Amino acid sequence: MSSEPLSVDILTSPHVKRPMSTNAIMRNVAVALAPVALFSIFAFGLSALLLLSVATISCVLTEWAVCRLSGKPNTVGDYSAAVTGLLLGLTLPPSFPLWMVAVGGAISIGLGKALFGGLGYNTFNPALVGRAFLQAAFPVAVTTWTPPFVQGRFLACIPSTLAFPFLKPTPVAEYIAAANIDAFTGATPLNLEGVTRLADPLDLFMGMTSGSTGETCAVLILLCGGYLLVRNMLDWRIPAGVLGSVFALSGVLHLINADTYPGPLFMVFSGGLMLGAIFMATDMVTSPTTALGVWIFSILIGVITVVIRLKGSLPEGVMYAILLANAVTPLIETWTQPRVFGTTKKASSTS
Amino acid sequence: MSGGTDDTLSFLILNTLLVNNFVLAQFLGICPFIGVSNKIETASRMGVAVIFVMLVSSALAYGINIVLVAADAEYLRLIAYIAVIASTVQLVEMFIKKTSPALFKALGIYLPLITTNCAVLGVAKLQTSEGYSFIQCIVFALGSGLGFTLALVIMAGIRQKLDLADVPGLAKGTAIILMIAGVLSMAFMGFAGLGS
Amino acid sequence: MSATAAHTVPHAHKPTSSLYMIVLLGAVSTVCGLIIVVADMVTAETIRNNLAQITREAVGEVLPGSTELVKYVADLEAGTITPLAEVTGGATNLFACFGTDESGQRRFLGCVSKAAGKGYAGTIEALYAYSPDAQTITGFKVLESKETPGLGDKIILDNDFNANFTNLDVALNGDMTALANPIVTVKHGKKTDPWQIDAISGATVSSKAVGALLDASAERMIPLIHQHLEELRKGGA
Amino acid sequence: MAQNFVLGHTFSHGVHPPEHKKGTRTEPIERLGFAPTLVVPLAQHIGAPAKAVVAKKQEVARGELIAEAGGFVSVPMHAPAAGTVTKIDLALIASGSMAPAVYIKVDPEASQEALEGEPFDIEAAAPGDLVGAVQQAGLVGLGGAAFPTHVKMTVPEGKTIDTVLANGCECEPYLTCDHRLMLEQKDELFAGLAIALKATGADRAIIGIEDNKQDALALLRDSVPHGLPIFVAPVKTKYPQGAEKMLIKALLNREVPSGGLPMDVNVACFNVSTLAQMAALLPKRQGLIERVVTVTGPGVRKPGNYLIPLGTPLQFILDHVGLTDDARQVILGGPMMGPSVSSLDVPTTKGVSGILALTQKELDDRPKQVYPCIKCGSCVEACPLYLNPSLLGALARKEEYEAMEQGYHLNDCFECASCTYVCPSNIPLVQYFRIAKSMNRERKAAKRK
Amino acid sequence: MASPSYKDSFVNGIWKENPVFVQVLGMCPALAITNSVENAIAMSCAVMFVLVTSNALVSILRKWVPKEVRIAVFILIIATFVTVTDYAVKAISVPIYKAMGPFIALIVVNCIILSRAEAFSSKNNVLKSILDGLGMGIGFSIALLCMGGVREILGSGSFLGHPLFGANYEPWVIFVLPSGGFFTLGAWLFIFAWWRERGARNKKPEGHQA
């Protein structure tokens, strides 16, 4: 070995890193969402495909435009915008007009993310901001449901999908009537009356019902969540807290009065709860970082969901529950800051 | 006439706190909502002060309204209410100064601001037009005050976090607060129909 | 802002006597009081007329052709109706409506009642017209509501929905104490019976609220109208 | 006696970096020769620098005192080799700055036997004498912190020590010098513990060893001398188990108060190497002149544990072990906390437990792009002190250094870098904290003026 | 402090010191009563009336009002004119009165009016005070129209009740909801900030401008 000076690089410690990156997390979330998206395309056909594509493209384009306008480095490459777009698409009904989807994507990124300073600073889940905006802006379109597994779904769109921008979507009544599988009513299980008797939890579990594009198949969402969990990219406590509290609270209510309140299994598997609990509430940016905070956060989501579903006028409450929990996340974090080592008031005394 | 008189107390609380939140759905008390929501601590203190003043002035306004109606001098209502609120704030200030100097120090600077908080006058005005009973008035004032505080503290939490974020320069200040308030308002829409 | 202004008010340099302040405040109050009283006097009549006009127009919309209203306060608990002139408290919630026929004769057209109930967001207040001869509701109008614009407020604007109320069956049961069939709201497109209301698609909650408030009112009001039908036909004469 | 003494316990939080210990754990300690010139910095420890007592051109014997302690929190220095003092001048040290050092030109002809003082009867010595002898030996914490050992052994009025801990965790990846030392010098370790027990008046001693060193655990457990209250306890393999506060928490479930010392919870904690050196040096009143260093890393051809004279320049050591062609970076200490050096002229000091050479591959593997914090909470769950690195990092970005100290316990951070290790966004958190701390120090210094 | 010219008294409030967009005052009505242009106009008129009349009366009385009771007198005067406005609106149109809810009464605590009384008319002559009230009122009206215009056009697809885009237009309901109010005002403030920043940037080369 020669004694000539070695070219030494100066880097700060630590010199080893855990092999996990933000990029990889986002990429894996996108990968985990892929089966959900594929199932929805299988169930709802061409409309779902277009819907998901437009949502994703709209989000990515907005992200790109925002970066251009604000002179920041382009952050499209971190996959977060694509994930947001995909999530937004999965929460919308399959018949949703594409121009509204594009609006939703732009709002998600613009209002939900860029305004706060981009990835990492957003207070609310961007996809849900977009979804809530669409819900408030186009209340009819966002609650118009179509049945899954309609014949010919891969060749033709649901008529309202291709509505002309800024104009009312074409009614889907005829489409639903033509589909007419099992005297289908066009409502999601949560909208049906006497829910407990009409919807079989197994159907909900397997995704045989109508609903938002990506929320119908609970088992698939669970499996995809499991994938993320195995890869250590999902905080298991959040789905556990959300689903557990929904199950417990609705279970108690069901025991008290089985006629008014649907059973806990139905509550857990219906609507967007599974998708919300596994893919949206777990958004790291908008959930607390403290252990106790995570539990408070997730139980809060579960409780608000049940309250809105059973006591409010809206059939579905997951989205609002998550947004509200997002809003109080800073408070939860502030109040659950861990006790710093060695600062206990309890005697850290000798034996 | 209005259906207000048979509003149950739980409905009143839920309605003013969540469904028709004073700040986020009724646009009352926007100025303090924007002005005093920069720190969680100050926000919660302001909230407590407002709840207190609302309760007292609501009770007083109830009494005064009875007198005014009896004297057939309803046209003096507005002047009477604003006078009541201003003096309530003064009295509360003096009272707290005497009884708890610590609390006075904490609330001191916020108390005079409450006089021009339209949420307080709004409570008095709305309870009269809805024709609430005394108990309903108190619950209504309590719910409104809690609702105001809830919105204020949530906003303070978000803003405290936002201090560490790279908010685009142009949106800094009131613009982003309003945008966040808009998102909050959207989120609170989820409570529609609660309590009815 | 008060801190800065304190330095610039003209009289800041010398203390003011209490007497002066009291007199000044008194004077300002007097002026203000005068202004208010004058405003009240000037506008009182117009306001009363405006309110009456609005009621008349609303009733006219619900029951076209009515030119003369006789106002009653119906006490649904006690089962009494009292002409407005004779009561001090309470608000009008029942109108006997009269029009003129071809020959110019005064003719009893029916009754219009006020009803209120909880909607999707806040109270819905409405008027409905009842024809005692046909035993049907013949008209309906929302006076006030806080329903979601563009969705729930279709209960005001939607023509198909309003068509429900041109001939809504509210026939009474045998002993004339309650409706034979309760008014119910059914999902859009599922109306089968004349006493059902076809909901607005996408605004089921508000539609149901209308059904519920109509049913709650009609169950009491319509038997009451029939009890006092003769009196109402005469129109308080 | 062993009231709250839980076996196999650990502290909360922490991280699990890959160990990389295979290459050297089985390599017996090997003595390294003398470099032509040794550079002995006067401040190799925390506290006041030592004061040189030799002059230029003076001849020194190996083990001779060349600098005396500069105060209570300071230790003397001894000549690591026989030779001539060529100069007393500034030298580049590991931190990248210049500090005064004694340059000794090694005389290859001279006897390299270490100088011996008059015998010291440990059995008969009073605790105070023991402490004094430890200071005279120039002993500092050899685990890396280099805090003067005698200070830890001094029990102030009103305080008591009930437990002495021997820290055999060696939680830093790559390092195995303590592991080898425990295997090869167990008798010195026990003797050192006996001294520490006597000096502090503690009732018992516990040797805490991470459970990835089963051979050391078994060996020590089986050979505890009779009559000594010494226990051998496994602790979970987790970084930073070897931090004093963490070890105390793990073994005794006591929390050293924020801003406090182990003494505040009646504990004195010493590295196993320190204890072994203590036992080796004290009987003949010798000074610390060499130490075991793990020289390893993918860039080293012949990794192993070497007994190296203090003041040996890195270049000499690395020439001896051989560097691979793609070696790019040299780190003093472990990869989690050790600084990377800017020049191979830097000498080894008392606190250097490892020399690590990393290659181009490791550099390439280090993620380059820093993403914004996504509040994943990994760092919160890694921080052994339950701080909130994510929040501290955000504050540091906004240069809210004062708030970090006053509201968020910045000064409790001992820069273990667990947060930075886990951060998926590759934010240099620990670097932020170092900057924040130094900014705060500067600000306070400016205020004092 | 030098007294502003007559022109400045009038012009300042319209643009340079626009009460809503620049001074960020009077947010409650700017948010609450702007879901349609009609309501916005009615609210603007009400506020302008109170502004001008109270400014005038405050200015008339300014020589006699001692600072100790200054605020009390101002509030008394404002409350009087608000009560008058309340009756006037009710007499003019009951539907508009109902649409404005409690917000006519709440003009009393509208910071714009008290701050003009305090900052301007208690120091300036009657004519200037009236001009200031008018200017501020117009500035307020512009702001409300900006709000109301956007909200009605997007939210209902109409302007002053006249449909603009035909029956097939899909209204963005959110803009007539409370959250839409927040968004619209937030967006306007954003646009104004951008505008001012651009103005400042353009002016810079000519010399330092505050």
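As written, the chains take the letters A, B, C, D and E, and residue 1 is the first residue of each chain.
Throughout what follows, contacts are C-beta pairs under 8 Å (C-beta built on N, C-alpha and C of every residue); 3 or more make two chains touch, one makes a residue touch a chain.
Here the structure is a predicted model, which is why all the values come from computation and not from measurement.
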item	value
Chain closest to the assembly centre - both centres taken as Cα means	A
Centroid comparison with subunit C (C-alpha atoms), farthest chain	D
Centroid comparison with subunit E (C-alpha atoms), farthest chain	D
Distance between the centres, which are taken as Cα means, of subunit E and subunit A, whole angstrom	41
CA centroid of subunit B to CA centroid of subunit D, Å	60
Rounded Å distance between subunit B and subunit E, as computed from the means of their C-alpha atoms	22
Rounded Å distance, subunit A centre to subunit C centre (Cα mean)	44
Of all residues in subunit C, the ones touching two or more other chains	32, 36, 39-40, 120-121, 148, 150-151, 205
Touching two or more other chains - residue numbers and ranges from subunit D	391
Where subunit B touches two or more other chains, by residue	75, 79, 164, 171, 176, 179, 183, 186, 189, 192-193, 196
Subunit E residues touching subunit C - in the complex, by the definition given at the top	1, 35, 61-73, 76-77, 79-81, 83-84, 87-88, 90-91, 93-95, 98, 115, 118-119, 122-123, 155-156, 171, 173, 176-177
Complex contact set, residues of subunit B against subunit C	1-4, 19-20, 75-76, 79, 192-193, 196
Subunit D contact footprint on subunit B (complex, rising order)	163-164
For the subunit B and subunit E complex, residues of the former touching the latter	24-31, 34, 75, 78-79, 82, 86, 115-118, 121-122, 125-126, 129, 169-171, 173-179, 181-183, 185-186, 189
Residues of subunit E that touch subunit B when the two form their complex	24-25, 27-29, 31-32, 72, 75-76, 79-80, 82-83, 86-87, 102, 105-106, 108-111, 114, 174, 177-183, 185-187, 189-190, 193-194, 197
